[in-house]
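First subunit A sits with subunit B, and in the next complex the same chain sits with subunit C.
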Partner chain A sequence: MGSVLAASSPPPPGSGVVQGAPGLVSAPPGFSMPSVPPPSVPGQPAGETGSPLPNPGTYEECHRKCKEVFPIQMEGVRLVVNKGLSNHFQVSHTVTLSTLAESGYRFGATYVGTQQTGPAESFPVMVGDMDNTGSLNAQVIHQLTSAVRSKIAIQTQQHKFVNWQCDMEYRGDDFTSAVTLGNPDVLLGSGIIVAHYLQSISPALALGGELVYHRRPGEEGAVTSLMGRYTGNNYVATLTLGGAGAHATYYHRANDQLQLGVEFEGSMRTQETAVSFGYQLDLPKANLLFKGSVDSNWVVGAVLEKKLLPLPLSLALGAFLNQKKNKFQCGFNVTVG
Partner chain B sequence: HLADTLIQRNLQEWISTACRFATDRNDFRRNLLVNLGLFAARVWVARNLSDFDLMSPQPIT
Partner chain C sequence: MAGIEELSPAAGPVETRPPEGEIDEDEDEELDETILERLWGLTEMFPDTLRSAAEVTASGSVTVAKKLYSFSRAALWVGTTSFMILVLPVVFETERLQLEQQQLQQQRQILLGPNAGMSGGMPGLMPPAPVKM
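What follows is the complex of A and B.
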């Protein structure tokens, strides 16, 4: 879930490293990860090339602003120690004690290269971590040209490769397209291809689509979905419609302290719908960040993050309560450095 | 008299449709409508929560 430092300086929206996403690693706080300029709001000046329409960002980022408002479920105790060895290299040690998941130790390393493409962007970026059983998560992101970015991600479970994927992203003046190849296996003839396209229609409106094609011996299929995003002065509304269901998010920045998010998910396949409401209270003067959420499945959750200045220490307390199933879960994180 | 009969018949039909929906075992449709209504209500709440300042000085009582 990250420290207060990461939360008070929100992670760059274009970063390919997202905390909590399966198969990907989280960037240690305080490290600059490749960022993507957020989509422009109406009235903002056009891009550098003089195009009247701004680049809309990537397809995955569209729901991210709302998702970041919600608290992340925590369980057990976690101690994270980050140590920067140089301007380009940082290591982290994570000890986890948990009753639901495996307890253990993880060692993480991050390298940021010397090819600087922007004030907060340097390439290549290599992030990896390994736990005490030998399971590895690794990611390499590199800017090949000014418009093309590539990423390779690998996940292993001990000695066995579980996930491996490669993606290429092309950023035009007013559009972004990306192709991801997941778990390709030439011998078996299996794999997954995901194609994204997002086009700015107006400075506020962006429309796009996603095509997922999967293949394995004896079976193949494709799923498509369409997406629309509207950006206002202090809000972002996004809607994704596909064969599997619908996903709508609304993000609203009420003021400097308060951000709100509402999310709707509906699946035709599982015949289930859910609505969640989340809010984030940011008080930098008090070194405090509070996130809360409540959803239609009677799950109430909250996370409190506090920087314990002048110590380089951050404390996070989280709790989730499922009223329907009578389940309670709480967690405690300490981050040093 | 004919108009009254028509109105009465329409009302009965509407009530029976509403009762059939309320007792329908297809929970997905009911949940979908309820959740869509909740989504709209919460978007309205989010758009109207702007005068919130935790760091403002407390009023002197």
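What follows is the complex of A and C.
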């Protein structure tokens, strides 16, 4: 939890995800860059000689489209109240009651600045939230120049700093590169450096690589991995191969109501593989969003989200069942505002 | 009693007849074999291969029946719970939506007359007629 490598995994469920107020970038206080508008449609004809390749997006986003189709495991009761105090400032209160983990209260605040770079993006973005035990998560994201975006994030557990990282991303015409420096400690001589590079080879194909170098007093090591992403008409296929294992995802949009995702993950460290299949059903007429998933570990799960419309209320019910171990977990979220 | 010999199972089917012609009850009491053992003894007339094949078949089919039973129990449970989690909520919600839409349509029909308000209904089936009060 909290390692810089978590930058490639989906953000922690629900904790202070900002939504609703116009002009805000959804920036969950995990360690992932906010989702940016998708790159231009592949194959779009350009008016110049030698049609330029589109910018491929960031390295972390490649697997995200498929991961968003899968439901998240919910446990206990969560009440989230979001209140927008102005166009730039939003506050959220979260009360979590749970049987397996600690119950608590979390206060979150989001500030979005005035420098507007696009229809849905404004910078700087400052997101922070604090727990009732005093644990703080904070992120500041700023667009330094038109092509360079930078992020600083810290995470503490009560008073102790658990994670502090700085991130810089450069977007070129047809490539994106990013460098992340995680938990640098000059006194101990330890830290983690992650470098990403993603290049558009053709309007549909993007290839990239990642290099992770970590150092502690006494040991150092590096892990590299390569990634390829192919975007078709209504599907996206991504493959990541590296020293730590293989990860392949396939996302398919069947029609405007149904989206499917298949994910294959194999790890060298634990010598295990897993396949999961997920689907998302979107019925705006019934104000319903349903996500279900079936796993090769005999885990079946689903999340149902319903907007109770006259009030700005939304209810999410989740259930996860592990058939092999016969363990069941269910929970529900109520979001106000 | 002295005339009755001990019967061994390998002796093959043997008719026992008390030499003194005692009544049947005594015969049944003094014989050390139950009916089932006597019936089992009858199977010894078949050759060994047939007997072993029949035994293997019988025990195999009992095992298969047990496995099939436990498999179908587990499959039924897994299938039912997975269907309940993955499919049932969507089915409930779409049925509710359909009912609501039907109700709305009925209300609109009552309010505005039978031909108006048929949004998305069958066009051209009923020609629009003026509503007379």
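Please note the rule applied: the second predicted complex is superposed on the first by the 290 of 337 C-alpha atoms of A that agree within 3 Å, B and C clash if a C-alpha of one lies under 4 Å from a C-alpha of the other, contacts with A are read in each partner's own complex, and residues count from 1 in each chain.
The working rule: a contact is a pair of C-beta atoms (placed from the backbone, for glycine too) under 8 Å apart; a residue touches a chain by one contact, two chains touch by 3 or more.
On a predicted model such as this, the values are computed, not experimentally measured, just so you know.
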After the subunit A overlay, clash or fit between subunit B and subunit C? fit
Go through the superposed model and pick first if A:Ile193 touches only subunit B, second if only subunit C, both, or neither. neither
First, second, both or neither for A:Ile154, with subunit B first and subunit C second: neither
Kindly classify A:Ala302 by the partners it touches after superposition: subunit B alone (first), subunit C alone (second), both, or neither? second
When the two structures are overlaid on chain A, which partner does A:Gly266 contact: first (subunit B), second (subunit C), both, or neither? first
Can A:Gln323 be said to touch subunit B (first), subunit C (second), both, or neither? second
Look at A:Val275 in the shared chain and tell me whether it touches subunit B only, subunit C only, both, or neither; answer first, second, both or neither. first
Contact-wise, after the overlay, does A:Lys285 reach subunit B, subunit C, both or neither (first, second, both, neither)? both
Quick test of understanding: once the structures are aligned on A, what is the angle at the Cα centre of subunit A formed with subunit B and subunit C, as a multiple of 10 degrees? 40
Considering the aligned complexes, could you tell me the closest Cα pair distance between subunit B and subunit C in angstrom? 7
On subunit A, which stretch or stretches are contacted by subunit B in one complex as well as by subunit C in the other? 281, 283, 285-286
What part of subunit C is in contact with subunit A in the complex they form? 78, 81-82, 85-87, 89-90, 93-94, 96-97
Seen from subunit A, its contact residues with subunit B in the complex are 235, 248, 250, 252, 254-255, 257-258, 260-262, 264, 266, 271-275, 277, 281, 283, 285-286, 296
Contact set on subunit B toward subunit A in their complex: 27-28, 31-32, 34-36, 38-39, 42-43, 45-47, 49-50, 52-55
Contact residues on subunit A for subunit C in the complex? 281, 283, 285-286, 288, 290, 292, 294, 300-302, 304, 306, 317, 319, 321, 323
